[in-house]
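Quick one: this structure, given as structure tokens, is what I'll be asking you about.
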Amino acid sequence: MKLDVLYFAWLRERIGQPRERIETDAETVRDLVAQLIARDDWHAAAFADMAAVRCAVDQQLADLDASLTGAREVAFFPPMTGG
Amino acid sequence: MKLDVLYFAWLRERIGQPRERIETDAETVRDLVAQLIARDDWHAAAFADMAAVRCAVDQQLADLDASLTGAREVAFFPPMTGG
Amino acid sequence: MPARIQPQPFDLAAELRGFGQGAGAVVTFSGLVRDDTGQMTALEIEHYPGMTERALADFGAGAALRFGLADWLIIHRYGRLSVGEPIMMVATAARHRRAAFDAADYLMDWLKSRAPFWKREIGPDGEGEWVAAKDSDEAALDRW
Amino acid sequence: MPARIQPQPFDLAAELRGFGQGAGAVVTFSGLVRDDTGQMTALEIEHYPGMTERALADFGAGAALRFGLADWLIIHRYGRLSVGEPIMMVATAARHRRAAFDAADYLMDWLKSRAPFWKREIGPDGEGEWVAAKDSDEAALDRW
């Protein structure tokens, strides 16, 4: 399936782009992360410490075990610091 | 000693005046209340339920056992309802 | 860092201009005249001139110390206020949100039960009942 | 009862005009850019367009139900903000003060740790560090 993957804050900086469209058969967020890490050193660096990474599937906060069935957009970012 | 005694809200209404200057030898607020009750029916009605009366001595909240030594102004009023 | 007692309305916006410069967090509370029964046209607020000013100033200064406030403000009106009008406001400024929230909350609990104000409801036929103090307001003070 | 995300400044005063009509209690919180280190000239705020609007609107509506709010408002800015500028505000209106205070407090705890915003400090030499999330902000959410 085609998936839009978005990056924010220092994840965006490490990966070098704010978003990419990829073709993937990942079933969960965890599978997707493994595939992204395998792509290149930049992705590997961004996902080196998963304790510092949060994610959203179709703009809803999700955890690593969340299913990607039917998903169109997955975003990765550091813990949020609003307010 | 001379003492200014002030009344607020329904205590003022029951007694029929906002303040009076009295001559008293009361040593505590409790003594003063007893002397006021003895004055007339209006005072007696105002102080009939002391659980519903609060007081201040020289503009500081005080209890019935507070000393009147050196006091110049004593106020009686219902529980406060500000804010 | 003032406490003010006045019959005339105040403008929250104008009061907050320049308030809390250098602080990270500003909390405000405003109380408005509310008609719960559908029978009230106004609220009449009596206070203890002299004591009120002093009590508010002293208590505000104490709260500033306790919560490390950068700034604070208390305004309370008296006299006859129509339904919908602002009765009073507090504002607190601190480095962090917890202190600003707690200080505003604390000042309100205190104002409800310890500041020398008394409210009476005014209905279409004139003066109504004096508002009774609530046990819940007295209990709220025990939190601090 | 809106949630708004915008780069431009807002005027707390103007935003509050007519806010909470009929309610008895209005609480506001404003966050201002604070320079803790003496090395910061501005804050840059990144957000997740699309998700942010939806998350704020959903969460505000949930808080309104939970606390029985008569009215609520969230405004959060993004982009580059100078020290002293307002970053965001929430306002809550309810019949009684407890609900208005608690709802504002709750919205702030949520915004700090669950709304998709990220802050970076800007110093005299340009872009500095991304602000780290605080354990205390995460812990604050457990209260609710």
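We call the chains A, B, C and D, going by the order they appear; numbering starts again at 1 in every chain.
Heads up, the rule we're going with is that contacts are C-beta pairs under 8 Å (C-beta built on N, C-alpha and C of every residue); 3 or more make two chains touch, one makes a residue touch a chain.
Keep in mind that what you see is a predicted model, and the values were worked out from it rather than measured.
Distance between Cα centroids is largest for the pairing of chain C with A. Computed centre separation for the pair chain A/chain C is 49 angstrom, with centres defined by C-alpha atoms. A separation of 24 Å divides the Cα centre of chain C from that of chain D. Contact with two or more other chains is made by residues 83 of chain B. Among all residues of chain C, those that touch two or more other chains are 31, 97, 108. You'll find the chains touch as A-D, B-C, C-D. Interface residues of chain C, counted against chain D in their complex, comprise 11-14, 16-17, 20-34, 84, 95, 97-98, 100-101, 104-105, 108, 140.
Contact residues of chain A toward chain D in the complex are 6, 8-10, 56, 59, 61, 75, 77-83. If you check the complex, the residues on chain C that touch chain B are 31, 46-48, 50-51, 54-55, 76, 87-88, 108, 111-120, 130-133, 138.
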